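What follows are several structures.
Common to both upcoming complexes is chain A, partnered first by chain B, then by chain C.
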Partner chain A sequence: MLNRKYVPILVTFGLLAVMFAAGSFRYTGFFSAQVLFNLLIDNAFLIITAVGMTFVIVAGGIDLSVGSVIALTTMVSASLVEQHGWSPAVVIPLVLVMGATFGTIMGAIIHYFKIQPFIVTLAGMFLARGLCYIISIDTITITNGFFTKVAQTKIALPGDSFISINVVIALAVVAGAIYLAHYTRFGRNAYAIGGSEQSALLMGLPVARTKILIYAFSGFCSALAGVVFTFYMLSGYGLHAMGLELDTIAAVVIGGTLLTGGVGYVAGTFIGVLIQGVIQTIISFEGTLSSWWTKIVIGLLLFVFILFQRLLSERRVSLKT
Partner chain B sequence: MGGKLVRHHLFWPLCVLGALLLFNLLYSPDFFSLVLRDGNLYGSLIDILNFGAPLILVSIGMTLVIATGGIDLSVGSIVAISGAIACLSISKGTDQSSIMLVLTAVGASVLLSLVLGLWNGALVTVTRIQPIIATLILMVAGRGIAQLITSGQIITVSNPNYEYIGAGSLAALPFSIFIVAGMLVLASLLTRRTALGLFIESVGSNANASRLAGLRSRTVILAVYVFCGLCAGIAGLILSANVSSADGNNAGLWYELDAILAVVIGGTSLNGGRFYLIGTVVGALIIQTLTTTIYMIGVPPEITLVVKAFVVLAVCLIQSEAFRKTLKLRWKKRHYPAEQEVTRHA
Partner chain C sequence: MKEHAPILQMTGITKRFPGVKALSNVDFRLFPGEVHALMGENGAGKSTLIKVLTGVYSIDEGSVLMEGKAVSISGPLAAQKAGISTVYQEVNLCPNLTVAENIYIGREPRKFGRIQWKKMNQDAERLLKERLNLTIDVAVPLQTYSVAIQQLIAIARALSISAKVLILDEPTSSLDQTEVQQLFRIMRKLKSEGLAILFVTHFLDQVYEMSDRLTVLRGGELEGEYMAAELPRFELVLKMIGKDLKLLEELPKLSAETQNSAGQTMLTASSLGRKGAIKPFDLTIRKGEVVGLAGLLGSGRTEIARLLFGVDRSDEGKLAVAGGGGVKSPRGAIDQGIAFCSENRKTEGIIDDLTVRENIILAFQATRGWFRPLPRKKQDEIAEKYIRMLNINPPNPEHLIKNLSGGNQQKVLLARWLLTEPDLLILDEPTRGIDIGAKAEIQKLVLSLANQGMSVLFISSELEEVIRVSDRVAVLRDRAIVREISGEQINQQQIMQAMAGG
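Up next is the complex of A and B:
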């Protein structure tokens, strides 16, 4: 018997399938494994960011700093590798630690000083974006051997298709996050805090530690996404990933996570990102449509989805009573 | 007496604003000087008011929305759409000198922003979507709509009547200040001289309880979103009239964040149930003064965001009860452990 709680995810998945099918019928060359893999290649960084965001939103918070942290990561990596000649083996762990620390600090401020996550992460967004410009206001192109090699490596798959190393990283993050969310104490605690922080506290759950860890995890994911983004763009730039926080939140919401916290799935977020990717692919296949249609369609889709979730949750409530 | 003063909601915001102004005074003594030229006042203070006008306006609308426990992320997009519609209708007009043309354009954008506000309000009240997502829809789609209206270009108009809204002056002061003052008085009168303010706070504390007490919660919530849309629409007019052009991509970008910040700095809690219009105005002035200060002291523009981040954090920390308690505790522990002991025993 199908569990009711999986219905939103299945619908999201169904929508992805329908959109992909519609694209395949309409455009020649759309229906191929490579188009599907390109979705993953082009959105690997978004997948990783959105996974971190899912935890934050499930726990009832929000993280607006993700886009800026990605930009900062690309900037720091590019600057250290290109201008200071550091080895990527040092730089990559360093930026990951930096992202996690950034998240930890924001989490600590949010928890201990009881300031709304919206405001704290907003300040974090300004700070990270500003730090980028302090490093440099220009693009720093990366010519380092390791970065270019990773960027150009294609992992061949059957059927003449390929994926990049970024995709492998993103899929590993998704798998790891699913495990983290559903099979560890940390994941349980995150859901509990999102359901009701008060109750979680009264139950004796480590609210402080979990909350701070969640923001640290989101910071880490953003930094990892930044590394992936560096592989993808091969440059560091303060304007990279502008407004990405909105795409991320939209992907998480389309994936069925409630912004009130306590409900949501990492797998849903993954599909949410792919849906956004399919929209963009369809628009690029259409050719005549301008880029702003992406925004309008994503907005409409958000609307349809949220409305649908709303109806679904209302029905669930009425069934209970 | 002193404690009462410190506890007043305007105390900390005003302190910050005062500190910023004091810093400016020390940094450049002629900061406060006003010059009367061609019947118009010029000076840094006037600039702050003039450039801050759209932000203050948006923040006033945002305050009421936040007071009901909601949030409106779409104001930046509404600013862009309103400016785009006005500039489009003016650029399409045949008789540029006609005042009717400007009135029609202004009317069209005001009407559209009311409709957009109504859309937000309807999503929140009728379909009962959480405000942050309900308005996220228009925030994402609105930017696209604004670009659609301007076809991705920047529409430039040269209409002196339209320019007057954003750059004209009345009684030696910029005209935009009067618009803002008018809306502020309107909002204050409506909320503090009628029961409406109480309704808003009551709905913000507990919408369900208010409904059971016989309040039309939904109507109140719907009204504040419409008002917020109106404020954003007028701000969009001022902003686009000031530069005589509409840019669907960049107009009003990050306005929602600045406006929310202004509201929070002004002492209104994001949880709803209480609101301070004057506090919000002070908050918006702090943000604008900060921007002006940063430009004036010649900080490279690239560091602006870093400074802003620290100021935002500092202001929020000062206002945080928990932070102040921690600080007090630290201070006491470090300096007067004996005295604390005495008071505890006494």
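Up next is the complex of A and C:
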């Protein structure tokens, strides 16, 4: 029998395949490896952020600060490299630690003061976004050699196609996260907490440590996404990644992760991001449609997916009784 | 029965909560290879004692010895390490994880930090097969299985942590008969393997079927430890309720002559039941009659009240009210003239931040409709009247209800429902936590209301009280009405025998 827990992820994958096939039939030049790779190139930062968010949501939480942490990371990186002349070899590790610390603090507040993750990370979102403007209210363009070199490097693949270094980083994060989720105690504890925090506590699992680590991991992923975003945009700006937290949550949910926690897959999230990318690509191929059609389609998709999840979980409840 | 050293020995356990001593100098011991039942009514200290053992509460005084060595149980993990595992009625596992994971999570077999799924699944399969005779697919989520199987998996987890003491807290409450027997077979097997099992249940039949030894708690104190074979059921019930046989003289019935039972039918329940809550029962309540419900804690008293008031839906049988039609929701019940004064005044009754006056008029205002507010003058009159009638203290209608004592809060709740002038008043533990004087007042009030033609369903753990006010008593045992006693037949002896059964 097909395991029910894989149903949402299979549906998501099927959807991606159907959309890609539809695009290929309708538009000439759509069906090529490079279109697929461009999806990865343009969404590498979103993939990384969404991977961190997957752990948070699987454990029954939410992290609204991710977009702001990306902006802050681009800002701090650009400022230190361009205005203060620091070496990227120092700046990049520094911003990664900064992101992880930011997440750790939010996680600790959420756990020890028993405050809703929504409100704590909302505060974190405003805080990080505000801090950007202390550094500068304008865009800081990056001309540093290392950053421009990474940004321009194309890794050639067979068939005249190529990917960027960002894609390699994103794929490595996805692979690492899948391992983390399924083959380490940290990952399994995250699922257990999402299934029932009370039970996890009574089974003697390290709930406090795991919860805080999850937010730290999400903060780290956001900072890493910020670094990737800096490579992608070659600038730091306080308005970067505005509203990205919502795109991220949408990708995670479309990827089959239940907002109630306990169920979800990193691979699903990966596909969720690609679906958003395909919608964008189709709309740009269409040519006559404006970009907000992306939002409309994603909005409709989210509705459908949430209803679908509701249906699945209700069936689960009725199975139990 | 082996009389050698106990595996668990608790001595002089005292646990205080603000204002209450939940456990007072309680001793408890558990031997390997026995099933030991912990018995007691509400507030006896059973759940406190278990929470001490599972590390949820810390103790104020006393010592806990495991295998002769002092242990400090500071939390669930410490309890597990000491060899004490608990399986709760509500299975405390993670429904989204696989069966194998639920057994081994936190202790998964690893190689270089990598979880060995294959080995874990094989271990789980072997454990379930060898120790519990259970062959199931361990790689699917726990929620795939019934509660009964989930409980067995929880037991398997306990065994895999090499538990020496297994606490089963109300394990049979949500199981059907065959599932209970399956659980009992496993309990017998584990017992023969030397495990010490602490068994908590409300079902007396099961206590006598399974346990070797009993410890009875009452009011936070130790009543005694007995061999199950040497303690007749009847005496067990006496010890739980706190009566000696010689004190069982008839109490005079309160103004029995004023009661009548010849009125017309107010409510009829026929074969009304709800799976897992109460077995199908027949109950008729006539106009102006006080019907008492007697039974031990968990015997189904409150469940009946909830069915009659429409809080829970019945899944079989019929309920007919004098006015015609059934009861589908609390709102519908109120429209039919039924009022329900809940036993959980904290969570289902009072509204903390409203005044006494506002709490009293709440239900009445609801029946009037919110667009026709009672004039303030009328509200004050009503509040004054009930404060005087029920002796609510302090006699200030503008006092916030959260600052009143429990007994006075109860009186305010009673006032709330009396004001709606119901045809049938359901009182669930109306006198719990109330001083003697106020108790007598409430009892008198119930009788005078009945004289004026109101029907009352009176639920109480205190037998004297039920006997005093009731025209008829329905006795419950193990979630079924087992006997109805009326008129002259109503006395403690009769009721207790029916409660004990067997």
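Going forward, the second predicted complex is superposed on the first by the 309 of 321 C-alpha atoms of A that agree within 3 Å, B and C clash if a C-alpha of one lies under 4 Å from a C-alpha of the other, contacts with A are read in each partner's own complex, and residues count from 1 in each chain.
Simple rule for what comes next: contacts are C-beta pairs under 8 Å (C-beta built on N, C-alpha and C of every residue); 3 or more make two chains touch, one makes a residue touch a chain.
Treat the numbers as computed from the prediction; the structure is a model and nothing was measured.
In the superposition on chain A, no contact is made by A:A156 with either chain B or chain C.
In the superposition on chain A, the chain among chain B and chain C reaching more residues of chain A is B.
In the superposed model, A:V263 lies in contact with chain C only, and not with chain B.
In the superposition on chain A, A:L131 makes contact with chain B only, while chain C stays out of contact range. In the superposition on chain A, A:A89 makes contact with neither chain B nor chain C. Common to the chain B-facing and chain C-facing surfaces of chain A is no residue whatsoever. Residue ranges on chain A touching chain C, taken from their complex, read 3-5, 179, 182-185, 188-189, 191-192, 194-196, 198-205, 262-263, 316, 319-320.
Touching chain A in their complex are the following residues of chain B: 71, 123, 127-130, 132-134, 136-145, 147-148, 152, 248, 257, 260-261, 264, 270, 301-310, 312-313, 316-317, 320-323, 326. If you check the complex, the residues on chain A that touch chain B are 62, 64, 109, 112-116, 118-120, 122-127, 129-131, 133-134, 137, 238, 246, 249-250, 253, 258-260, 290-296, 298-300, 302-303, 306-307, 310.
Interface residues of chain C, counted against chain A in their complex, comprise 54, 75-77, 80, 86, 88, 92-97, 101, 105-106, 108, 110, 113-115, 117, 140-141, 143-144, 146-147, 157.
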